[in-house]
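The structure under discussion is supplied below as structure tokens; questions concerning it will follow.
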């Protein structure tokens, strides 16, 4: 990265190395940040409109109002990205006046809106595509929607940090799969979680999960391939006895899950339907996604 | 404040204006920050050991390990403060490697440990001491301990932000008083909440609240004055029909609560027991606390 | 109303002004009353059979047995009504023997069955059709089905009274929209609540709501117009980000909801689909319903 | 009752036979009524101040405002009662304007405040003192405080009616003892429920019960007799294995509970501690209470 | 039964009278046993593969590993059965080493795997087919899936034993129908529970029930007969107001439910749809099932 | 053990090797077994009366009636034991008639009552006294009291088996510490769990645990040593930040807990208060208990 990436921060483009957040920012003080993330395929941001729409829905619900609209936001995103880069948006209510030394809580506090890029570190995820992911259910639970609705993509995520501490005791490479307060399977901290049973793809009901845009992509592909796609609550028993399981997420699209709490799912190998779905996705975007993650093809 | 305050950040003291957090910091990315806050009386940090001990308990539970110990932390705190300043400590797991562009999640990631001061903006709270605080119970609930234990002082606080959005519809000056999932009264986003009934001070059970150090100070003072101090679950009915209610918190010690959901508590005026307790506290620290907040005495 | 309306009460028709309930009636003592309500269009009671059937289902579940059957009940209803009148049925277990002074709880206690009419006060609801309804989610929750099933139309409604006290602090004209114990959206005290998202009408699952007959009418009309009608749990986030929302209820059929907790729904104006549905309903009954409520047409 | 009793209703005293409630009253329409009940001993109303204070607390919480104050209310109560009479107070928000035919919801709606007496039908309860009460736990649950707080004495009691339907299938004389949503024992529809274990009287925690004035009387007597009186959650197991159990309530003060779900409690006979407590209560009021209920003494 | 039945136990076939379990077996010590049950029609085990597959799914989830595979298990089942016999499989983790006197918990502990038969005691169930079953909802609740998932067919069933104690107080012939913690209808201890409403068969959602193989047979038959088969949560109200209800279970396939908590379901007689479904099932297996249970035909 | 131990089973004493349970026994079929366990010190059964009383309380609650009384039970226990032996009692409702081939559910079914001994395998527990116990909180939860009350010592324990499967992924030597549905700490499958904080011993509230007799012994010793013994709900945070933790249980009396979820408790070594308490217990029974478990003294 010889030439430094630019970051959009509070109305300005500046070099990444000088893009900082005040220690008094509500992002730091309250964790009251909403966010979104999009990635490129062949240099083009994928479903950018969907990501930005969801970001603005999160803003609306949390009443944090960006000073620019969705169109301008998309323009900035497109300006910042290049091949294999992902773009991150986040916004917080702005600086916390009391700490910042101001005399009062200013009525016209400016939100801290930031857009930055990062290269997709495929090598991190390459093992997911060969061995598959191991998910573990910790004793920590997903925050219920009556506290913070998981449908907003937000960064008040201490429970995920705590969940990971427990999960990594079982397997340092494992990924936390949190249950909700009733014991239903929800999602991981960075992806949606789906199972395959009797030829159908089954997705947790919308109540306890983020409605992922990659999840929707998979639902669309299932529709095209005439694979039933069902939303309903399910539990660990269903995962243990599923035929396959996989994650969906923006950075690496999909990854096979081959173990839960140490037990193999299906035959413990990446599944047939997974392969079919990621291949179909690759056709949509003109890339062999699995090969890209495994580093077998030039990025793009 | 002609001379700029210093901030301790990741092992260095630097001027506040240049104390920044990377946009990739886990404080921003995860809201996975633990914190604490102490204030001075007459230039001395009050119960600093208690605050720093609690901070290290939060660290231990969240497995975020400061690079310096409690003694050195207290030395830095003392070095930074002056009259009427409060000191804030926070720590996050450090920079989020994936976003920061590194090749992997470094094993020896350095936590972001920051200590900074801020002047106590008493004028903000002066109305609390004349009219009393109005608390409102929003529909948003306190995060349950099985997700994030309220006993850790942390900054994953989106639910408080959301609660305030609802509360301010009723009264822009009102303070959110969240109920837990079972409808018990818990705390506000910045203070503990106590009621007085039949001559006893009643405090929510420890399950759903931060064990405040100001709360403990009040419990100690109650012990000295032979006022019963009881811990048990209570509900909005008990607040509506209490004789008094008040907040306890580090910045302004205590404040009377005179209304809940628009209904007066007791006769709707700051209570007699409140006055007695804050006077006793003032004697402990050699300051008329209420007068200080109301701006009637020189700070100190 | 020069000529006084008649009321059916315990087997007799009497003038409304002399139709009273004993202070010892279980309706007063226990709130153990089940009820139903039907209205006329052009002088004819609409879906009277459905209303009376539901009333008898409530009676069956609560084991309060009317002394007359559904057919005779419908005859009485038809006898009582005229243009723009609604008819109310209610029944309680009868007089509470202990208070009434009797020696014991009589085995053959007669239920207090009453049928009365009232003119539809359209002017009250006219603002709903111009500005739309503002719904607010109070901290009070819907009673769960394991205590009193919301599928029985009953009058033990203190929780609605309490909910309204909180809601009216936000906006004296607002309508309470209670959440269930898990934070799902349920209904208002007098109507069902529906949202429109991606072209589909979405209705809370049957678990926590009354199965309204107006709701069923809307479901039927959706079927005819090939608009998807989906039952599933949803939360406040879904309402905030819905395209439209509306109420369904017997007295005024439907009303647009344009705000929730102070936030606009969609563009904050009555929706396109709402207009389409109420127009279709009007065609069914030969009346411009919105015009009737706005007082623009003669009642009928 | 040769001479008819008087009833106070909306500011007037009138004969009981003409004291009626409109069918449009909120008492009937919403079940939104709060109430209280006091009895005489030797012609004097017992702890009237406590009952009236609790009634005004219920009013305050529900925001139904009586037009007269506690003092005048007590005067009316005293005027109405004679030997062995109990006095009932209730209040509802008043007539429901929409049904009553008014053009709008009148801002100055008058609450319906009623005070009436009734003779204590001791013969109904005599079997309680010989065989003891049989309590049964139905599948219906106590309404949780976040819907309607049991600390308000209110008449939205459909869940009690439903509970009784199930209980009477087991034993037509049995009394429903509802569990809360977590399975803790709460109270019966008309009394508090206490157990005796290891020499201590144990009372459910205040969260899920009405704080009965008879319960407080028993607590006071326990204090005088140096019998430990403990508040804590308990479950059916504790009742099955208790040494004794009893009810406390205004009309008959106390009654022994000798069976739960068909199983004997202790040896299945009224207990020793019960006898001791009711005797001590009798001394307080100068009456042999058990003998009065059993009809062995002249009322008074 | 002149010739004694054989039992498969830990790898051996032995006469039933000598097939015993050690008092130290985990089946006895922990109740940690998983099980399944299949029956014959005309001498052939019905859907044996489905039953054995489910048994192996239960084993997988509980990590109790049979020493033989599904094929061999099916061979043994077939070898053991004759006309009208049902076959039971169960497995426990094996002997509890501490109690058995061994020095430690042996790593290669052998599971106790047993397969035995029993004649179907149709006379027990004959009244179900003439009068119908009476179900009662006790106060005891179904164990939630986050403790023990009801999808595993296991024998930790103390809650069912306790439920029956309460149910039999209402009617010694009644069958317990447990609610889940949210008050949804689940299943009985030995069968699934379905209702018929508006021409559709409604089944509780999979979360709180065993996915019965007889239930699946009924779902298949509904598909063939074009009867809608719907999965969703329902409550007691829905049962009280259903048109029909019935049980599905391996031993007697189906039985009509005609009463719940003493109230008739529909007209209180076995339903029309029930008759249609069991007739269709009979055609599948070449037996008049109802007649067989009623003893009107020779078994087979 | 040259001479075989005797076992009491259904009224007879027989050699352990021939003491078997029918495969049709309710212990196997339902897991509906209640149990208790007592141990000897110096050849005498310790607090046998307490254990047998608790056993009979469990029987009473579950309505499984032993054919012999507590006195005779104690006589048999005493007859069976010798040095270092523990005695186990269990009872099930008896043989399951349907499986056993009988024509019906016999009214006078005999319960299966068994009393047997086993040597205390101290070597298994010796590491607990040197390194301390590691407890892990799995995602599986304690069964709530409204399903099966933990106050009955019963053997429907599949949830403990499942909990252990997860716990052993973290550490094969670790012990499961289940949380209740609200996230409170409860107990392990074989012992109570206590923490020490600020010089007080803290015990989970009685709602979610077995009231252990060893727990009561510790409470008594605390009373003698003037160490506060407090019952209240606590959470994992409290354990992580406790000064000490330990188990109490009949077989080895007490054991120090030094880690939870991989984190050290206190300094990670067996605690000072633990040593004091077990020493005091040893004085009560005339044995150095820790030395006995570590195998340093002859058993006795």
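Read from first to last, the chains carry the letters A, B, C, D, E and F; within each, the first residue is number 1.
Quick note on the criterion: a contact is a pair of C-beta atoms (placed from the backbone, for glycine too) under 8 Å apart; a residue touches a chain by one contact, two chains touch by 3 or more.
Note that the structure is a prediction, hence the values are computed from the model and not measured.
Think of each touching pair as a link: the shortest run of links from chain C to chain F has 2 of them.
Where chain D touches chain F, the two copies mostly use different residue numbers: shared numbers make up under half of all numbers in play. Ranking every chain by how far its Cα centroid lies from the centroid of chain E, the top place goes to B.
Separating the CA-averaged centres of chain C and chain D is a span of 32 Å. Between the Cα centres of chain B and chain D there is a gap of 43 Å.
The distance from the centre of chain B to the centre of chain E, with each centre set as the mean of the Cα atoms, comes to 56 Å. Within chain C, the positions touching two or more other chains are listed as 63, 139, 141, 144, 146, 152, 165, 179, 181, 183, 236.
Contact between chains, as defined at the top, is found for A-B, A-C, A-E, A-F, B-C, B-D, B-F, C-D, C-E, D-E, D-F, E-F. Note for the complex: chain E touches chain C at residues 179, 182-184, 232-238, 240-241, 263. The touching residues of chain E, when paired with chain F in their complex, are 1, 7, 9, 19-23, 25-33, 62-63, 88, 90, 92-93, 98-101, 103-105, 114, 116, 118-119, 121, 123-124, 139-144, 146-148, 152, 154-162, 165, 181. Put simply, chain A touches chain F in their complex at residues 136-139, 141, 165-166, 169-171, 179, 181, 183, 236, 261-262. By the touch criterion stated above, chain D contacts chain B in their complex at residues 57, 60-61, 63, 144-146, 149, 151-152, 205-207.
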